[in-house]
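One structure, as structure tokens, below. Some questions next.
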Amino acid sequence: MALLEVKNLNKTFGKTAVLKNVSFSLPNGRCLAVIGSSGSGKTTLLRCLNFLETPDEGTVYVNGKLLYDAARQKAYSENKVRAMRTHFGLVFQNFNLFRQYTALQNVTLAPLLAAKGDKASKEELEAIREKGRALLKRVGLENKMGNYPHQLSGGQQQRVAIARALALEPAILCFDEPTSALDPELTGEVLKVIRSLRDQETTMIIVTHEIRFARDIADYVIFMDEGVIVEEGPPEQVIDAPSNPRTVRFLERYAET
Amino acid sequence: MKSPMKLIAFILVFVMAACLFAGCAKDDASSDSAYVQDKGTLVIGITDFAPMDYREDGKWVGFDAEMAEAFAASLGLKAEFVEIEWETKAMELNDKNIDCVWNGMTLTDDVKNAMETSNPYFNNAQVVVVKSDAAAQYQNADSIRDLAFVVEAGSAGAEELDALAIPYKEAATQADALMEVAAGTSEACVIDLLMAYAMIGEGTSYPDLTYTVKLNSEVYGVGFRKGSDLAAKLNEFFAASYEDGTMIAIAEKYGVLDSMIAQ
Amino acid sequence: MVENVIKALQGGFLVSLELFGLTLLGALPLGLVISFGSMSRIKPLAWLTRGFVWIVRGSPLMLQLLVIFYGPGLLFGWNVWGGSDSGRMIAALTAFILNYACYFSEIYRGGIEGIPQGQREAGQVLGMTRPQIFFRVTLLQLVKRILPPISNEVITLVKDTSLARVILVYELMWEGQRFIKSAGIIWPLFFTGVFYLVFTGLLTILFRRLEKRLDYFTV
């Protein structure tokens, strides 16, 4: 059974249809890469899964249970939406670290607030901090825990952002072009972290324009164009031997750069 | 400036220097007519005070304004009107920002001490102004004691209330004091009778106000710098102008002939 | 003489200080309410609020003082404030608080709209509630952004308190000026200037300290 199942997602901004009948499923522990040119709707897809945008039509199932049904969107209260979000983590293109907090505080802020809301004991709170330190160590930043975002390089900031997303233990971790805001020499350290997550069988959706990286890491690739899934399948098929002319054209353009 | 302390120190030094400079600027006024002849203008300090000095079509008119123009012309000078803060008139005079104060000025002891004054030319009084519908209750000096008064700060009216030990609030001008009474934020004010003629009662800016008690009687004069010879020159001019009828004609024009003093 | 002057100026200073403190106390929170109104999704409310802010910011505070205090009496024969010192103070505070709240509201609006949407979205995807996002993420960044323009307005307010004298609230400036009168002494005015300078100087230092305390992060 698939961990995530998305059926017939539609999203319109004004008169522009950004997502048209997007459906896919993702088994537990697998990595899905979404590729396509800018404006193809791939970022909107991620934002819909994290409920930063409200899909106009469609349903989302997690673990076989209906999580979201656009037909009932009016019935979802703010608290309900927050509960729905806990299944997903999102790493932004621009990191979006909280400016006034250190690396460690960025990682522990949300879990600590949630725990305090549940009247957690001192030991439990300390455990959250300990876990935050472990996560930062895991992304290679044990020496930068007390640094503020402006004291970190882009690659370091993005690694903090990944640790922050992991701290809430989401079932599905989403990446929105995690390296496109980085200088080329800094992308390697971020990709390395994502690769290690893949090795630990974290369920992931990666929106990326790093085609080579997508082929390396993904179990399954979706190519989107103008809000539609044009081609999908294992990377050997979609990237190495595309059948749709639009995919071919996109990959050719990518190869030139 | 890096630190605010430095900035403050700088400004303090500047202020002190300005004080010293102001202290040095005084000189004697023995040759005041020579001084005004030299610059060719007579600068006349006034306030907007109908019917003595007021603006009409961008020009200063009124009894005092016309007399001042005529006096300046008789000396071969150009008259220049400058609006001043009434409270600081003596200072303006001493600093030579103006050459005379010619604005229905009551000749109080303070004024006579601070300035060289002309012969009196008008009879005036300080009158209590209240709303017309309450006027009947306030026709004598005893009845006004408990009114909430407002007067122009430093005016002759303020002196009269001081003498009667009646408390009051101070306003910046007589016109402001009138507005307080009209708005009901004060119950009464004290202004010049000559101003009351022009400003209150039917057909004026404040038709609902009226004057009741006269607190004193007093006279108007023109003020020059202490020791100035221009005061004597003006007395001669007043006499000549009264003689040939010009002064009377002007007084008639502004409806104030009844109050004029023979020169 | 010096003693009399100092005593009078102290009295005036206390009135100025009262006006200053109570205006801030009222205008800082009211400004936030007005800024929410001007950013409201209910369009008529937003237009109405912005129109009000435009009128208040676009006309002189002195005019507002005169209209608020004398307007009811002169226009409707209904003097709402009374003529007592406290009535005048309340009228002055009404005008000052409304005026400064409108200025503050625009500063708040600029600050709130200037915070990148990503900061809020990051909080949302981490499952934080709206109040948590506002108090734990947005607020401090907002404070850091608006501190310099707010400190400008606060220092302007110190000097603007002198306008209250048009409705006969005898603040520091009036007390300094009354000594000039016919006697023509001007030095009390310089003392007045020193009062203002020391007060604004202290505020400048205070605001610089606050800004320094928020130097540890950038927005």
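Each chain carries a letter (A, B and C) given by its place in the written order, and its residues are counted from 1.
Note that a residue touches a chain if its C-beta (ideal position, glycine included) is under 8 Å from a C-beta of that chain, and two chains touch if they have at least 3 such contacts.
For clarity, every value in this text was computed on a predicted model and none was experimentally measured.
Graph distance from chain A to chain B, where chains that touch are one step apart, equals 2. Averaging C-alpha coordinates per chain and comparing to chain B, the farthest chain turns out to be A. Of all chain pairs, the one joined by the greatest number of contacting C-beta pairs is B-C.
Averaging C-alpha coordinates per chain places the centre of chain A 81 Å away from that of chain B. Separating the centre of chain B from that of chain C, both taken as means of CA atoms, is a distance of 37 Å.
The centroid of the Cα atoms in chain A and the matching centroid in chain C are 46 Å apart. Residue ranges on chain A touching chain C, taken from their complex, read 50, 52, 78-79, 82, 85-86, 88-90, 92, 94, 96-100, 109-110, 113-114, 148-150, 164-165, 168. Residues of chain C that touch chain B in their complex: 69-70, 72-74, 77, 79, 81-83, 87-88, 165-168, 170, 177-178, 180-184, 186-187, 190, 193-194, 197-198, 201, 204-205, 208.
The touching residues of chain B, when paired with chain C in their complex, are 4-5, 7-8, 11-12, 15, 19, 22, 85, 87-91, 94, 110-111, 114, 148, 150, 153-154, 169-172, 176, 179-180, 182-187.
Taken together, the chain C residues at the contact with chain A in this complex read 116, 118-119, 121-130, 132, 136-137, 140-141, 144, 216-219.
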